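Below is one structure; the comments refer to it alone.
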Amino acid sequence: MAQTLDEMSPRAALVEIARDFHARGWMAGTAGNLSARADPEHFWITASGRPKGRLDEGDFILVRVEDGAVVERSRAEQSPSAETVIHATLYALFPEANACLHGHSVAACLATARGTTKARALRLPPLEMIKGFDVWAPRPKTELPLFANHLDVKRIAHDVRTRFMRSPPTISALFVRDHGPTVWGRGLQEAYNRFEVLDFLLNYLARR
Amino acid sequence: MAQTLDEMSPRAALVEIARDFHARGWMAGTAGNLSARADPEHFWITASGRPKGRLDEGDFILVRVEDGAVVERSRAEQSPSAETVIHATLYALFPEANACLHGHSVAACLATARGTTKARALRLPPLEMIKGFDVWAPRPKTELPLFANHLDVKRIAHDVRTRFMRSPPTISALFVRDHGPTVWGRGLQEAYNRFEVLDFLLNYLARR
Amino acid sequence: MAQTLDEMSPRAALVEIARDFHARGWMAGTAGNLSARADPEHFWITASGRPKGRLDEGDFILVRVEDGAVVERSRAEQSPSAETVIHATLYALFPEANACLHGHSVAACLATARGTTKARALRLPPLEMIKGFDVWAPRPKTELPLFANHLDVKRIAHDVRTRFMRSPPTISALFVRDHGPTVWGRGLQEAYNRFEVLDFLLNYLARR
Amino acid sequence: MAQTLDEMSPRAALVEIARDFHARGWMAGTAGNLSARADPEHFWITASGRPKGRLDEGDFILVRVEDGAVVERSRAEQSPSAETVIHATLYALFPEANACLHGHSVAACLATARGTTKARALRLPPLEMIKGFDVWAPRPKTELPLFANHLDVKRIAHDVRTRFMRSPPTISALFVRDHGPTVWGRGLQEAYNRFEVLDFLLNYLARR
């Protein structure tokens, strides 16, 4: 086993993460999408509609950050995830982000469904675990940005871009209501670690 | 690993699904039964009373859709699952269905036990995950059909046939109260994906 | 993989069950004990104090049903589980029992801690799953016998013998309060299946 | 597989425990730290910031009990866990302790967050499982010592030393609020077993 996910080829690491997330119930059916930046202008992303416990490296498509255009694919019949535009938005906003993971979880949906449906953010609990997001304060009041879900994914991406350009998030994560968390990082290992950390925090809230 | 369950032989795929469902607690003891259509008139179904974490391909019996008659078996002492008649009913009703999975889960029993015992359907939560059932509406009001459990399985099958002939379900799933979900699909992979999706939705309801 | 646990040697099967139960959290630390009858007068049982995820066949000791005397052991320093007397009691009471599994689970402790501490039995929910205990009634009122826990295990065994000689249980299981379930069966596979079934039912009660 | 963790080299056993704890959600991201005494004056401890599901033996650093000074490391760029001072404190206080495991868990955080934030200890439930801590009383009133969390880890270590010198704990475990449990033992297997036992007890409290 490689020491970290960053020492593997990006697509091999994404296959491994998808299998892991599927086994944990974070990618039920074909839900979720994973990506890794190939170079400043392009990223690999999961093809649409594949069962996430059974991907191989041919299930990733190379697209352009600027406009989501397909640059390379192994299987002619495949198209990139419908949520590619959200990944592209995040890579464009955050040049230091090199990996972006989006899954679904029951606990996350429960935790974020509490309280008013108008809230723009969810206060995360001040557990030690929050340090996984590089938050180093005594009783931190960390907020997870919440966005409304829309059938038209471009609308979600537009909301993300608009809000984050005005006020960047304090942690590298967001949540689309009734849908699931998206977490990014400087590398695949960091994004993976932080996805686990966010899940821990949302589980705590869901069970409290 | 095959790319999808549909690229495996039906019985090999069913063995894999049974092991997977058993490990998740969806086939405790010998509970549950799985089938796949072999041709328009026949399907393979689990033999009765086998421990679901330890099946092999010889534990499936070929039966006729029309009347559930046994056409082929590997082990003379085995008979098809007592619930074969429900599978046969679904294959007869839905010619596009080629796979049918029935398991049990604590969360599913809890979610469906809420509310009145007379309800004929359970409203599923409008989570993004519902798209796994090909539901593409902004705030979908998807319903899971509920049926009463009977010791006489033919009575359950009769209720299913009668109701679905009058009003077909909007999703390819049903739930027998105090018993468990049955999910079908155009292929084994689709049925498997949708079983996971339904479990996600029922877990959400059970924990809400 | 053998088709059923009954096709393996008893000790090999017990090693496999212990690993499985440990992985599920039913044998945390060194908790729990497992046995299988070798012949009408003797049974193999786990040695005391071993970590249950790491047993081998040398960790089982052959004892006499009549008085629990040690007949054979692989490692001179080992003694049979402190709860051997409960297994011996059950094998003496039920000649058809050939395997006996005792574990611990959080859900089981929670479910049985509800209600008054004087109750002698817990009503199990009338789920389809109860058929795993050969209960075939429309709305069965199945009861799980409850016993008080005592530091002196012989006292528990005495209570079991006294009550079961007067009124045998309707299912092959009992529960010692604040402790854990014991399930027996005609063979290892049946005992294993029924342990899973009981866990399903107690989980349902704990979460209801 | 070795019969117990104590029959493996300490670092190989720590790698195995880290993978196991990560898979159970007790070491999300890079959280937690594990150590084993190498000789009376030194112990091996996890390097800081490594993903706990992917360690190898080179990820452990040999430090001195007396002052936490680094004595040996495989990778020049690594430093010992920020919480090394807590491990060193426990090894200095308890000469019989040879292994010390610290993880995080949602259930543990939930159980200890109940009640007043001033409580100095949490009463553990009198379940049979408590025997895993060598508690052999009929209705034991076992207490888990609680400590406040501080960004400055030396302050936690100071609180532990001060309190435990005055009144040693009755079990080999402590909990830092909003953070996680630390469990020690005479060997790695005992510490591992007890970590499982404590998790069982805290899960029970969290779900009650």
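So that you can tell them apart, the chains are marked A, B, C and D in the order they are listed, and the count of residues begins at 1 in each.
Definition applied: a contact is a pair of C-beta atoms (placed from the backbone, for glycine too) under 8 Å apart; a residue touches a chain by one contact, two chains touch by 3 or more.
Only a predicted model underlies this, so the values are computations on that prediction, with no experimental measurement involved.
Between chain A and chain C, the least number of touch steps comes to 2.
Although chain A and chain B carry the same sequence, what matters here is overlap: shared residue numbers make up under half of all numbers found at their interface. Work out the mean CA point of chain B and of chain D, and you get 45 Å between them. One finds 31 Å separating the Cα centroids of chain A and chain D. Among the residues of chain C, none is found touching two or more other chains. By the touch rule above, chain B contacts chain C in their complex via residues 25, 28-31, 51, 54, 56, 104, 106-107, 109-110, 113, 149-151, 176, 178-180, 206.
Residues of chain A that touch chain D in their complex: 1-5, 125-129, 132, 136-138, 189, 192-194, 196-197, 199-200, 203-204, 207-208.
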